[in-house]
């Protein structure tokens, strides 16, 4: 049992800090596109991580699991540390398409109040997940199961879909994809999102009435500034 | 302001020629598979460009935009030059997954009579697009937004999904994908499509009654010609 | 007509052995995730081969076709050798995205009692396939058609989605993907699947009542055995 | 023999216009990165089209071939229409990984003075191509051969690696990838390239002496303009 | 220990049949492109399985290993069953990028007379493999190591790069990729390859002297038969 | 200038902590495979990030840049904050294939003592980089250039190839790929690596003399423990 092993082996962190529930719910209502815009276009996971249950939108506090390829032991351990309102966020140490999560774990999540799953690997039993309306975002769908044999970690910082997720960060996920909001910036991201939503409501009604976005957003000057020529018709 | 800059800089072409509306609508009714067959299997975009709003089929005249990665300025400019019945076709100068188009632009399209969007990049707000039934075909879905800062072009020839699209070409798009029909060949493609549809109606009823396609299409001779042996059972 | 040509040319095998119908139907009821678990996580095709008609689950005996890129001649020939309850399984000799199968062939399948299609290439007319509820699993969707000009084989061993499929093997396919069961192991796979389903029913009700999977599955000892440390809170 | 067939069938164009040889050679000396910069970052093919013979750089006039998947007939026909100094540019009507071109065709190219090959599919015999030093750029390498059975075209406009190539356009290819220069802009692209090369020579010697690019290019003001804060050290 | 477990668990087969050494060596001299042509374009693995040690060509008898993701135990076991002249062929039960094989195993292969490695996963220590000139073909290169904990099989039929490999089949691998020849067809494939090589020698000298392949291969008639029009110049 | 903008806008951190030079160099000598093993198989970047200059191995302290797609401004700014022995590590806010770095920046790196570049996007001028022997690891190679117009950050935490990189972390990169070592664990990772290298030296000489790894590593017992059957020959 040398020091080296201790340092790089698995660890389970039982208690984490979470953002305040009202901010989390507010971010969920704003949705991924608005929230990421409010954060200057940051926090967006790799678009290859897709919703497997269309029409569902969730927001919650990240409880993270770091798993080995083909092994979902730490997903089970992570569930022990979930509170109602959480979202399970699962990373793997090397790329894997296997189905780490299926209808039984979704059943457990529902019982525990866990709002959804984001995983940088595969899920299965998607027909059941859809019937349950359980929100799941994954890189793959595969019937291939996993073992429960290898050490990993719970509630450590992980990278999922190219984004750093610290335990307690806010996860916002919908049909567009997944966005991560640092826990300490949740309120700021919310207020930015709300300002943006208000602005968009005005824009939407002007556009719906047939105004052009070049007018509404005042873009026409840029054409000139950028030196773009406008011609009537190309002789061809 | 040297000649070089002038030549390779952006340009906006205000007026384009379109195919006749009846041909466009006829091609839309025929659908992508039939239309591309009628053109000897040409015009099909890369199948990675997928419908994000299942069940929608559109046909329209291409108004093209050429954008920089992460910048949707020219999409806004292109909308100024759209007429009812057009389809917005967006290319990017290097591959990009960002969401160039969302619910606000879809609202504007609806107000302007634009029938759909084909983009060799990403879209967002797909839940809203689905609720609106607005036809959108894209390579990616991503909440990641774009800026409006760099020059591009409108109504120039672009390559989208590996196919050349000239402004005014007819775009046909459905759950199978996207097909481009050169403007000057729209009528020819339509008549070929209609001949094919008539033939298929006969085929369909014969197949539905249990006849084999090898009989209906007269394929059995080819087995002999190609020297394919037929055996009863493989001893294994 | 030398011996070499004979050996590597196409061959059509008319008669194949099938598993017993009750086993096939039982495997279909169990679904891909359960069946592959019962076979020690084997038989799962590449998850890139996806259902194009969500919500459909089929099981049947494989009738195989081996085609050239861009040529679906052998799909037609294979249909001659299909019996009610079969699933058409199509491999290509080099990767191809073309749409080998569409609504006309689906019509024929329906008339012949063929339950579904699994293809390591593309399909088309997916709107029609969805309207018919015809189960199709493919690597691609594309309007691009094929010709009928080159020799291939029917009812030979093929590789589809990285799995060997012998004619008469059982194909199980659903929203999770596709699993192959060797014909001679169908009953064994079924009995293993049924044992697993019984176990899962108990698990499901315990998890639904709020018990943790770490308790239900007895996983907590493994944390200690694997030397994973548990801590209360990370000072950060 | 209906009109439709005539229009979408194959065509071989025997005579094409070419850019002047000195411009072509000058563009080759400048290389892909410089030439595309001189054209405002346009003309770059999909970076998945890679050099299979490292260390070779070529420039030449495009003779184009449009082939069916798994069929290289039109490559042979295209060679009939090549002149010394040309580059063979091959597109396929749907994606294909097969090896369309190998050592025999390279031998023929060498005899005919053809400078290289750019293909949106596969090549083979790469050990021989490397031994010959014959420049080849392709999306794939594969031993899989092709047949010679289906119609295509020679010297029509094609799309390769997402770029439109008209016959006679200038192809510049090196270890970075492939760039297309429209025939009528070859001289303009060359003069822009040469201006850029002159500027870069100065830059290079200043950077080599240890000056910072932020000084040499005057970028430091932008930091301020963009509102980027600079801090000494992050307390962590 | 139920029957089910027995059937789907791992198995190690100690003794396998091999093709005769002279045929194997002859196939190696012919190379992958020629051998696959002699087998009517069959046996070619997915071109994503690439040579990581350029310039090496090997042929040998397949000793197969079937591994779990992230676990190379069965590679070690397989080496026990290798004879001089063999090629190690490794499949994984679900996709994995990890480095299953590195310089230590290559050292062991060299000592045992194993000629090369083909793996549908990753290798590492490629600088050492290149220095040793040890032939390795893999889908990935990655420093990520594996454990030695899970059951698999040795000398069972496996699928690698989309091709079925039975133990004792002949593997031919070079810079173009990897081809599998069924053991019982090795001599036939060799004689077909040798006929082809003889024909190609003649072709090569004719092409090198400047003759066109359309003449040498008699392709010009096909242009007419296929209804391809030839025109002098396109008015543009 | 609201608080929101301030928080999510770019920031440049001038001073960072680095690991001690002897540890860094020691890790470089050990190489990526050994170092990641010493860290229990952690820290390995996505294997799609490949060496573009074969044969080069580097280790250094990470100076990080976070860029927008198609914009390399922050690479220039990052160079101002590099010290001899550093490695430039570049992330982009959304996926991009463009060539952010070429021979001019490599020239500057050489003058400043920067040892290499790791970038989750593209590089260009690779022929020049190879001639200089400048170590560069990237996801893409592309001649496509970038602009210098948008805000980003320097020396913030970034995610590159799916791994978190904090400024000052140790980057080890060679022909196998790239590994990140947290700055505070550099010495521990080094001592683990050195123990491993010593063990491997013994292993290597035993394997080179023909001993089997199953004996040297004592793996044979596992076959029994895992219930794997061994049989002589499969009757087929």
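Chains here go by letter, A, B, C, D, E and F, matching the order in which they are written, and residues are numbered from 1 within each.
In this section, contacts are C-beta pairs under 8 Å (C-beta built on N, C-alpha and C of every residue); 3 or more make two chains touch, one makes a residue touch a chain.
No experiment lies behind these values; they were computed from the predicted model shown.
Undergrad: Chain D-chain F contact: same residues or different, taking over half shared as same?
TA: different
Undergrad: Just how far, in Å, is the C-alpha centre of chain E from the one of chain D?
TA: 30
Undergrad: Would you kindly tell me how far, in whole Å, the mean C-alpha position of chain D lies from that of chain A?
TA: Their C-alpha centroids are separated by 39 Å.
Undergrad: Return the residues of chain F touching two or more other chains; collapse runs of consecutive numbers into ranges.
TA: Each of 5, 9, 41, 44, 93-95, 97, 142, 144, 149-150 in chain F touches at least two other chains.
Undergrad: Identify every two-chain combination in which the chains touch.
TA: Going through each pair of chains, those in contact are A-B, A-C, A-E, A-F, B-C, B-D, B-F, C-D, C-E, D-E, D-F, E-F.
Undergrad: Flag every residue of chain F that touches chain A in the complex, lowest number first.
TA: 3-5, 7-9, 38-42, 44, 46, 93-95, 157, 159, 162-164, 185, 188, 191-192
Undergrad: If we count contacts the way the header does, which residues on chain C are in touch with chain B in the complex?
TA: 1, 5-6, 9-16, 73, 76-77, 79-80, 97, 99, 102-105, 107-108, 110-112, 122, 124-127, 130, 140-145, 148-153, 155
Undergrad: Can you list the residues on chain B that touch chain C in the complex?
TA: For chain B paired with chain C, touching residues are 31-33, 35-37, 41, 44, 47, 50, 55, 57, 174-177, 179, 200, 203-204, 207-210, 212-214, 217, 219, 222-223, 226-234.
Undergrad: Give every residue of chain C touching chain D within the complex, in rising order.
TA: Chain C residues touching chain D: 68-70, 93-98, 142, 144, 147, 149-150.
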